[in-house]
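Shared chain: chain A. Partners: chain B in the first complex, chain C in the second.
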Partner chain A sequence: MSKDKDRILNILLVSPSILAVFIFVYAFIGWSVRVSLSKWKGLTADYTWNGINNYLDLFRDQRFQVDIRNTLIFTGVFVIGSIVLGFILAVMLDQGLKGEGFFRSLFLFPMAISFIVTGVVWRWLMNPATGARTSGLNLLFSYLGLDFLENAWHTTPTWGMAAIALAAIWQMSGYTMALYLAGLRAIPVELREAAQIDGANELQVYRYIMLPLLSPVTLSALIILGHISLKVFDLIIAIAGKQYALDVPAIYMWQVTFDGLFYGKGAAIGILLLISVAVLIIPYIRFTLRTETEQ
Partner chain B sequence: MNTNLRPGKYWLYIPLILMAVFYLLPMYVMLATGFKSFAEIDLKTMWNLPKGIAFDNYVEAWARLSPSLKNSFIMVIPATLISSALGSLNGFVLAKWKFRGADVIFPFLLFGMFIPYQSIMIPLVQFMRSVGLGGIPGLILAHIIYGIPITTLTFRNYYASLPQELLEAAKMDGADMLGIYRHILLPISLPSFVVVLIWQFTSAWNDFLFAVILTGNEDWPITVALNNMAGSQIIAWNVQMAGSLLAALPTLLVYIFLGRFFLRGLLAGSLKG
Partner chain C sequence: MNKKLFALLSLLAIASFVIAACGAPAATEAPAAAGDQVEVFSWWTGGGEAAGLDAMIAVFNGANPDIEFVNSAVAGGAGTNARAVLATRLQSGEPPDSWQGHAGQELIGTYVAGGQIQPLNDLYEAEGWLEVMPETLIPLISSDGNIYSVPVNIHRANVLWYNPALLEANGVEVPTNMDEWFAAMDTLEAAGVQPLALGEQWTKMHLLETVLLSTLGADAYNGLWDGTTDWGSAEVTTALENYVKVLGYANEDSASLSWQDASKLVANGDAAFNVMGDWADGYFSGDTAGNNLGLTPGEGYGWAPVPGTAGVFQFLSDSFVLAVGAPHPDAATAWLKVAGSKEGQEAFNPVKGSICARTDCDTSLFGAYLQTAMEDWSKDTVVGSLTHGVVANDSWKTEIDTALGAFIADSNIETFQSALVAACTSSGPCK
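Then we have the complex of A and B:
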């Protein structure tokens, strides 16, 4: 009897949360899909059927093509940069040096800060002005005699996204470092020692023993960073504002919807973003939950 | 853990210190510039240390940003507390009191943590407008609801790691479900609460997207106010640096004093509790 009472009670306890998430995530997604298939343009809602025309328009839209290119550049530089840098930092910190805790905290602190603050500060570091108005990193380079490093940063259309990715690497590489460090620490010492006895040098141990054993960590990092970069928004707003050359889907969605009032098109961008994230995340959730039940 | 120093690795300090400089450069610019007096501000000397400690920039940044700092606190405190409390209850039920369908619901809940919010943005704005929840209350509600997946995940992983015998014993003694939660699980949940509270505090404080679509001029939280201040040509960049520090300080302080828990929240975000 008390069992029934408990069952009712526990369903009562979780149902508001579950209901709220189902409405605010899944019902809202359905609602967005409906908007994306409508002709809604303007302040008042208009659900007139428009088929997949909003999607077709997007793929013909030059700005959206720029967005896809920009996202690919940003993702490439940001994900590879954060993973390589995070791995190198983790390997260095795994050597048992004194001050490990200090360096670890230092590499991780940017994660506590918002992308907006990071963006405002990096915009100054990457100030592209020349001559008497040279400032930021360019000025530092000229002090150090490294003038050849001076460049126009995010103001160049080809390298602009890579410059912004640099600020994102600054912010997020501590995260991959933490993932790799936890992974390295979970590998039994005997494995390293066995390889060393077999005559492997330090580099070979990491290349042939540790790196393969860390591939689940690398996969996690790839997926988490990849999905962050598909959603990138505030960092670019803070560094570059709304520039066409540095546009990404998240910014386009915001502008086309709330500035341009093309709700149908905005919803279509949102749904395309959702699909690209889902392709990464759904297998990841399935895989993680399955290994969890196996354990 | 390997704490004894392996010989011959001292050269590693060179790349480590170089990297430390890279991570500290933005912080240095923010701090050094923020403390320069107006007379000292010049692009040519931006990398120099300030000659003394001047508070002019902070006074001006504070004058401009204090209303939105207040908005941020008003928004973050209830959002953090409520989503953490809900996460704890959900985690308890999902880990220890599985009802039929709990295993199906859980992955759907988790996916909510990763969705790009652009895909729910139009309905969210429409919904808030139709129920008359504008500004900060609407923002609080959004942070609570979209925070539920991660808080539930963290508590569920923690409660799942506790031995089932703990609950069985209490059940034998006649405790009902709520009794078990209140008298057994809640008291030992403190470490998880710290992790989740820090995590929610940081993400709500640092959020920009929800804030920019749900709030207007009057109730902007700090991220939006800082971005708009930095976007205007009238504000000197040294004031922006001071403002950036004001915006970053609350989460930085949390990180400095409770960094260990911050890291654990971070790793929970990659699904490993």
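Then we have the complex of A and C:
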């Protein structure tokens, strides 16, 4: 009886949030899908059926192709950069460094800052001006005699997105460091010792023992960084504003919907973003659920 | 068990209705005082804009002591955030009584087309505004013979700002047409001076519209927006060629500069010319405590119409409208009367750094540049600005912006022109 009571109480407690999630997440996803299949353009709602034309238009749209290319460059540089840098930092901290706590907070700190703030700071750091107006990193490089490193940063046409990804790496690599550090600490010391007794050097220990055992951590990092990267909006707005060359789907969606009032097209971009994130997240959720049930 | 659960869930649902019902009377209490307040929506939340609005509100309160003014300003540059909020409110059927928008197609092609604002012809006649506003302005704020907004101020878009010392040092006269401008910029470039300062993408659209105006002339430029000038014509090609040429004189880091940064290059002598709207005057001459440059007009900086556009005033204007279904129509009309009045505009504009839409304001209230602008406004041919919402509706402008972005990346005139033709067909008057 008391078990039944508990059950009722449980259901009662979660039902408001289930209801809210159902309405504010799933119902609105459904509504957005409907809008994305409509001809709605302008202030007044217009649900005239348009089939998948909004989607087809997007894939023919030169700007959307630029967006996809930009997102791929950003994601590649950002995800790989954060994982590699985070791993290196974690391994370094794992060596039993003095004042580890201090360095841990130091590296983790950027994560506490919003992307907007990061963007404002990096906008200045990556100032591409030359001559007397040189500032930020370019000025630092010239002081250090590293003139060959001076460059136009995010104003370079092809690799501009990679420069913006640097700011994102700065912000998120502390987070991957924390993930890897936790992972490293979870590996029993016996394993390392056994490998060392077998004659493995430090490099081999990491290559054959630690890295394979850390693969779930790498997967988590990939998923979390990957979906942040697909949705990136604020960082780019803060560094570059709304510019074609550094456009990404989220910015295009905002501009096309709220500046241009093409609600149908904006909803289509939104749905495509949702699908791209879902493709990444759903296998991960299934994987996590499976491992949890196994445990 | 299931019955119990069902009962509990129903109870929960009922409880939520009760809570909702309790909330409702509180929400309806405010409109109970109908007629006693007016809600005005704008994006004037900072600097001279907010101060100007306050000055106009003071005039309103003086004339209408029994009406409460509700200032619903939403922060965000050029209204990007405010317009999203406004669109949401209009779609949920809760319009503010009156809101700010750029006079012209931004209002007509968007809100009038969406059936959201009321014509104001009676107000114009009753207040005699048709006599005090320039004749060429009225068609730009009208649709099908109805006038839809009350402009409170005027800004000029086609202004060329220059550094007088730099021009003098290099023996360059202020150019009056495109060829002279190119020659001047060649001379400056040869002397190692950056000829033109340019900023981020919207300032490039701003430059484009002035080059279009200069190359095509006022009539053909106006024709672009009503469908009588062909976007695919050879004249437009020439204009785009001129535009590419002008871009060639600009600083390479333009994408990372705001309009203030670009203006500052001219003020500091790092560049000779800059094309920007006349809000730049406030930045050049305003006092340094407010982060302005504190220069003396005519000495620290100079101005002229963009080469080839003398006698034409490319304008933009902030104006107020009356919402369809405004909760307090009488109070809203009282507000619009103040916005269109000599007293209201004289209070607002010297603070905001713009000139009156009316031609009868007292010139002595304004600074050196604004006095010349007032003189031009009362006699020049008036055409509208693209970047600032006068000639094209929001959808069309966004499409032009996208095409321009691609053009800046690849400099392909042919693709750009065909994208402009396509944009005119899909969102503009070309069929």
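Methods note: the second predicted complex is superposed on the first by the 285 of 295 C-alpha atoms of A that agree within 3 Å, B and C clash if a C-alpha of one lies under 4 Å from a C-alpha of the other, contacts with A are read in each partner's own complex, and residues count from 1 in each chain.
The definition used in the following text is that a contact is a pair of C-beta atoms (placed from the backbone, for glycine too) under 8 Å apart; a residue touches a chain by one contact, two chains touch by 3 or more.
Model, not experiment: these values are computed from the prediction.
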item: Partner chain(s) touched by A:Ile8 [first = chain B, second = chain C, both, neither]; value: second
item: Residue contacts with chain A in the superposition, chain B compared against chain C; value: B
item: Which of chain B and chain C A:Phe115 touches, first, second, both or neither; value: first
item: Partner chain in contact with A:Tyr208 - chain B first, chain C second, else both or neither; value: neither
item: Partner chain(s) touched by A:Leu273 [first = chain B, second = chain C, both, neither]; value: first
item: Which of chain B and chain C A:Leu97 touches, first, second, both or neither; value: first
item: First (chain B), second (chain C), both or neither touched by A:Gln62; value: second
item: Touched partner set for A:Tyr47, first chain B, second chain C, both or neither; value: neither
item: Which of chain B and chain C A:Tyr175 touches, first, second, both or neither; value: first
item: Touched partner set for A:Gly241, first chain B, second chain C, both or neither; value: both
item: Interface residues of chain A shared between complexes with chain B and chain C; value: 11, 16, 45, 123, 129, 132-133, 241, 258
item: Sites on chain B touched by chain A in the complex; value: 1-6, 9, 12-13, 15-16, 19-20, 22-27, 29-30, 43-44, 46-47, 86, 89-90, 93-94, 97, 99, 105-112, 114-124, 126-127, 142, 145-146, 148-149, 152, 176-178, 202, 205-209, 212-213, 223, 226-227, 230-231, 237, 240-241, 243-244, 247-248, 251-252, 254-255, 259, 262-263, 266-267, 269-272
item: List of chain A residues in touch with chain B within their complex; value: 2, 5-7, 9-11, 13-14, 16-18, 20-22, 24-29, 31-32, 35, 45, 89, 92-98, 103, 105-125, 129, 132-137, 139-140, 143, 170, 174-175, 178-179, 182, 185, 189, 220-221, 224, 227, 230-231, 233-234, 237-238, 241, 249-250, 253-254, 257-258, 263, 266-267, 269-271, 273-274, 277-278, 281-282, 284-286, 288-289
item: Residues of chain A that touch chain C when the two form their complex; value: 4, 8, 11-12, 15-16, 41-45, 62-63, 66, 123, 126-130, 132-133, 152, 154-155, 157, 240-245, 247, 255-256, 258-262
item: Residues of chain C that touch chain A when the two form their complex; value: 1, 4-5, 8-9, 12, 80, 83-84, 87, 90-91, 110-111, 113-116, 200-202, 252-253, 255-256, 270, 394-395, 397-399, 401-402, 404-406, 408-409
